[in-house]
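Below: one structure in structure tokens.
As written, the chains take the letters A, B, C, D and E, and residue 1 is the first residue of each chain.
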Amino acid sequence: GSSDESPAGKTTLRLGYFPNLTHASAIVGVEKGLFAEKLGANVELKTSTFNAGPAAVEALFSDAVDAVYIGPNPTVNAFAKSKGEAIRVISGSASGGVAFVVKPGITDPAQLKGKKIATPQLGNTQDVALRFWLKEHGLTATKEGGGDVNVVPQENSVTVDAFNNNAIDGAWVPEPFASRLVAAGGKVLVDERDLWPDKRFVITNLVVRADFLKKHRDVVKNLIAGQVAANEFVNAHPEDAQKAVSEGIGKLTGKPLDPKQIAAAWKTLEFTNDPIASSLVSGADHATAVGLLDKTELKGLYDLSLLNEVLKANGKPSVKS
Amino acid sequence: MSGDTVTHTTTDAPAPDPGSGIMAFDAGFLAPGPRPRRRRTRSLWAGLWPKLLALGLVLLVWQIAVWTEFRPSYALASPADSFAQLWKDAGTWHFWHSVLTTMRRALLGFLLSVGVGFVVGFAVARVKLLRAAVGSMITALQTMPSIAWFPLAILLYKLTESAIMFVVVIGAAPSIANGVIAGVDYVPPLLLKAGRNIGARGFQLYYRVIAPASLPSIVAGLKQGWAFSWRSLMAGELLVSIAGQPSLGANLNFAREFNDAPGLIATMIVILVIGLGVDTVFGFADRAIRRRWGITDA
Amino acid sequence: MISIREVSRTFGHGPEAVTALDRLSLDVSPGEFVCIVGASGCGKSTLLSLVAGLDTPSSGIIEAGPNPALMFQEPALFPWLTVAGNVGLPLKLRKVPRPAREARVAELLATVNLSDFAGKRPHELSGGMRQRVALARTLALDSPVLLMDEPFGALDAMTRDLLHDELERITQERGLTVLFVTHNVREAARLGDRIVLLSSRPGRLKWQGSVDIPRPRRIDSPEVSALAAEVTDRLREEVAQHVG
Amino acid sequence: MSGDTVTHTTTDAPAPDPGSGIMAFDAGFLAPGPRPRRRRTRSLWAGLWPKLLALGLVLLVWQIAVWTEFRPSYALASPADSFAQLWKDAGTWHFWHSVLTTMRRALLGFLLSVGVGFVVGFAVARVKLLRAAVGSMITALQTMPSIAWFPLAILLYKLTESAIMFVVVIGAAPSIANGVIAGVDYVPPLLLKAGRNIGARGFQLYYRVIAPASLPSIVAGLKQGWAFSWRSLMAGELLVSIAGQPSLGANLNFAREFNDAPGLIATMIVILVIGLGVDTVFGFADRAIRRRWGITDA
Amino acid sequence: MISIREVSRTFGHGPEAVTALDRLSLDVSPGEFVCIVGASGCGKSTLLSLVAGLDTPSSGIIEAGPNPALMFQEPALFPWLTVAGNVGLPLKLRKVPRPAREARVAELLATVNLSDFAGKRPHELSGGMRQRVALARTLALDSPVLLMDEPFGALDAMTRDLLHDELERITQERGLTVLFVTHNVREAARLGDRIVLLSSRPGRLKWQGSVDIPRPRRIDSPEVSALAAEVTDRLREEVAQHVG
């Protein structure tokens, strides 16, 4: 792989992320040159963008990227599918940014009976969160879409179209789709932050290939330093960060994102280096509880020692897995 | 007589084996001899072993790639894992339900596409004005990826089976129409003239002369149309997951979403097997036409 | 029945253009049997195609009875139909009911001596057999006007003689009007009421004469031979001007 | 003479207008007359106005749907919005860069597919053993949706252009091969025999007789292959966004991800226009063949 | 040069089977011109196809020189090539250099009197013209063995006479061995060293006789006519057994 030293003694780090609001740390880090700065002259940074988790994990497995920003779901998958071999979570990136948006008439869980509610994917965090929430409110929902509430897993962009055309009555989705549903006349019934301790749960974290980590700990440490710097920037200069995200996405997609939309979604997001391991683990437990996931062993998923070293050097509190 | 003198010697029967409808441009094709019935099973075997050999070779290459461990096992699933997964799947109701749902949709969607494709194809081939207006649109429509139609499908049909059918038909019908148009365009003028002269006019000319004359091209178009409709269906099944209706398209996507390599390959194998089955049907049609038209004597 | 007035037909444009027919006029009265002879490529097939309405003249007027039946120079059989299917198709298109159709097909196949081959497909036939199927199909049209383009060109002398008799019987019985293209001058003298000779490219009316030999005629009768010799001389004269 | 008597009258020149290669089964097709050169522009217009009319009708239906407001404007983009978007896009470097990148990939991928398709097609059509072994595999492969190949593509080629090309070729080559096989299968046996008799053997028989004789079917296969390669490319471009290489496939997906209805329609229009352009090229090829073979005299 | 021994050819199986040739034996010595006559469908084309190696006998042995040139009963021209392209293809396949090829094509087209049509495509030709192109293409093969299946069937008498002379000249000059199928008994008597008569289905050798008329012959000479009448009688006898 190209992660090996080149003749000039240069290491290449291949970083992947999505042109997506929940990946703001990565976009800002790339746009503002923070990664490049921290990685130093000896490391060449190559970035790729993906449009969804599976492709990112395929690329990780195939040694086509070294590190990627992904959500909790693909993270658990990648770890489980490789029997703990392929990847390590080395840092958090963002928390929050998920909401349950419904048609305006619905104000009470009881009104959801017989309604069609969309989630991004069967068995993913939002899907599990919805099912768990429904269960807590005494409503049934089967894997096949039957029960009191019909849960229909489908692509997020389809969900927006379907909501517009009254084909569904609500959806439990991440940003920016939640904001978009609101823009289309939806109402937030549940902000997922309210369901979690400290209103924090992981939505994006930074993952690296295990053998890259073993071979290039120093490089990875510098990458983490870049991530920490990026989050620092994001939290210190939200306006600048939003502009950078809008432009960064614009560069990739040809269309800068609407600043108003960014601002609306931004409020629901928190950018933290803490991967909030507990939320990922309890998410997996919930999934097992609603019968969507085989019990998975998540021990060894986190390697936060480098992160803590960086945080310590920056005089910040450490995090735990 | 010199060595390069043409000598044709044959004693009874052992004429070149036409090998179950397989054509070759050697003497065997140009000079088929009688084929005794009792050779049926032997020729079945003759048609089967190369397939098995090819299959074996693919498996071998795959297994060698796995053995050399040029990629870890989570990136490259082994044949054993994949077939184990397939075997496990095949024991579930979910699997068979998926296969049946998808096959039902595929057949219905294909039939609809054939209907639309034939009507459009013959209309465009026949009516000058239509050809000028929408003729070139057909290939353009064919190149439109299925996902581009999703918003329109939802707009028109919400999240129903009809939305899936819409995506399938709009994906496959242009291809079938193109097959029909190509067939009609290449009908030998002499046959057309003969048809007109013996009194075939309007619809009759189409039904009795043009359609049968363009049958080979139509069958080729149907084959391509099947592939288009199947691929559109796989995309369309991502669009809508209807309650209690698992499907192959959803399974395929599911396997990918979860980076489930053996599951993905198992689903691919199912798709391949269905494809092989369908190809066999087309193969029969094709060979029947060829035999009747005297293009092969097999 | 057939009236051809100052008809021309040119293929292509500019210097490449080929004039197949040049201001040709010809009338065929009802029930008349007209044979056309002329050099290869002089426009005989083109003329029949125009009369059948399958081609449009570049200039001039053609009138013919309704739906003249044309037997093409090539067999032009439908490869996807059996021999019986080919012969029966004109009847099917006229909605002749099945039993009547089958009887008629059997009768026509007997006429061309192909009863044994009803179930075969065109590619299983010899050249002469295909031509006879085409003849049967043309007769199945039951048109009052028959246009025939070398209908017996691929047949041996004996089969041809038999079919001459058959054709004569049918045309006489039904009073058909026939325009018959042939290279065999004896055949023209054997069958025709009139013989028309076309000049070489461009096709013009070179000569015509009526055949006054009383019927029934025999192809090897001295009268037929004498007339054939006369027409051959005229033809030879015509062709000689062009070739060599 | 009675009313149903056939009468053909024509004075010089005004023979039925062959209408820029458009075929119709009326006397105009069977009896083409001379076509004066000076009518070129008029016949260009004759070919154009039905297209414009069709376009106008589509726009009208669309606009009416918008006017009646049967769906809110964020669900159903208006023509005005969509064209405004297209106009805006067309002013950006990003847009042209996307178009060029995608066109380059499409051409390269198509050429590769043609190469692979021809080799496989002729080999399978010719070699009995290969046909028995992999013949029916071709249609089966054709039905495999592009996303199923993504893991393999990344495994083999990482995140490179080659991965995209792999997806394109594996999507389009089977279709082209099928066109070639269908063409070869339907070569009239008489022409084959004639070719053999005049001394064409082996490669020569293919190059001089079989290939030209199957040209119509090959062109039809190429047309279908283009559609397959284009659709595979649209999918493949989602696989990898190579830094600084925007593409139409990615744009289409982004427009969808962002539920940007005008943007989606604008991209669809671009795809349609490219499709129309490509169809024109195939149309020329097709008409050239038909004219040379005397299947139309236009 | 050609040796046919106990050759049979049956098409199809079971009750549907048609036996085209039944244990036919025939030898043609080098330089000999053998004419085959027989009723329509008696197996003449099948025989030529077997000798050319394009079909395999059901039983029996055939030996022929290397690459016998076959002129099919149908023109079998390649529609995608011009007239010159069709005639030139055998030369191209033999890698004859371009100038020599062009000269040869021009010469052959002149032989069949089609020099003006070199640039046309087959569909722009009349039936007789196509046949002449096929003749030119067959001659372009320069094979020592010529197999011809009714090569002049679609030609008018004059053009045919001219081509008879040409063919005779070419075969005599080059000492070609010819197997020539025809329905025209006079043509057989005009051209052949020997005439072979096949019986009707299944094709068997019915009769053969050598033609002792000294060359140059004329088709309307009394000797040719007398021989033709004799062969016709034998043919009539043969066909009469089957038809009617």
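Note that a contact is a pair of C-beta atoms (placed from the backbone, for glycine too) under 8 Å apart; a residue touches a chain by one contact, two chains touch by 3 or more.
Since we're looking at a predicted model, the values are computed, not measured.
> Minimal path length between chain A and chain E through chains that touch?
Each step joins two touching chains, and the minimum needed here is 2.
> Taking mean CA positions as centres, which chain lies farthest from chain E?
Farthest chain from chain E, going by C-alpha centroids: A.
> Please work out the Cα centroid separation of chain A and chain B, and write it as a whole number of Å.
Taking the average C-alpha coordinate of chain A and of chain B, the gap between them is 41 Å.
> Using Cα averages as centroids, what's the distance between chain C and chain D in whole Å?
45
> Taking the mean of the C-alpha atoms as each chain's centre, how many Å separate chain A from chain C?
Computed from C-alpha means, the inter-chain centre distance equals 84 Å.
> Where the centres are mean C-alpha positions, what is the separation of chain C from chain E, in Å?
The answer is 25 Å.
> Please list all residues of chain D that touch 2 or more other chains.
If we look for residues of chain D contacting two or more partner chains, we find 30, 71, 75, 150-151, 155, 193, 196, 253, 256, 294.
> What parts of chain E, by residue number, touch at least two of the other chains?
12, 54, 67, 74, 124
> Any chance you could list the residues of chain A touching two or more other chains?
58, 61-63, 157, 161, 165, in rising order.
> Under the touch definition given earlier, write down the residues of chain E that touch chain D in their complex.
That would be residues 49, 52, 54, 67, 69-70, 72, 74, 76-80, 89-90, 92-94, 121-124, 137, 140-141 of chain E.
> Give the list of chain A residues in touch with chain D in this complex.
Chain A reaches chain D through residues 19, 46-51, 55, 58-59, 61-65, 156-157, 160-161, 164-165, 176, 180, 183-184, 252-255, 257.
> Quick check on the complex: what are the chain B residues that touch chain D?
Result: residues 19-20, 22-25, 28, 30, 46-47, 49-51, 53-54, 71, 75-76, 125-148, 150-151, 155, 174-175, 178-179, 182, 185-189, 192-193, 196, 205, 210, 216-217, 219-221, 223-224, 226-228, 230-231, 234-235, 249, 252-253, 256, 259, 261, 264, 267-268, 271-276, 278-280, 282-283, 286, 290, 294-296 of chain B touch chain D.
> What part of chain D is in contact with chain E in the complex they form?
Its residues touching chain E are 190-191, 193-200, 204, 208-209, 212-213, 215, 289, 292-294.
> Could you list, by residue number, the parts of chain B that touch chain A in their complex?
71-72, 74-75, 150-151, 154-155, 158-159, 238-246, 254, 256-261
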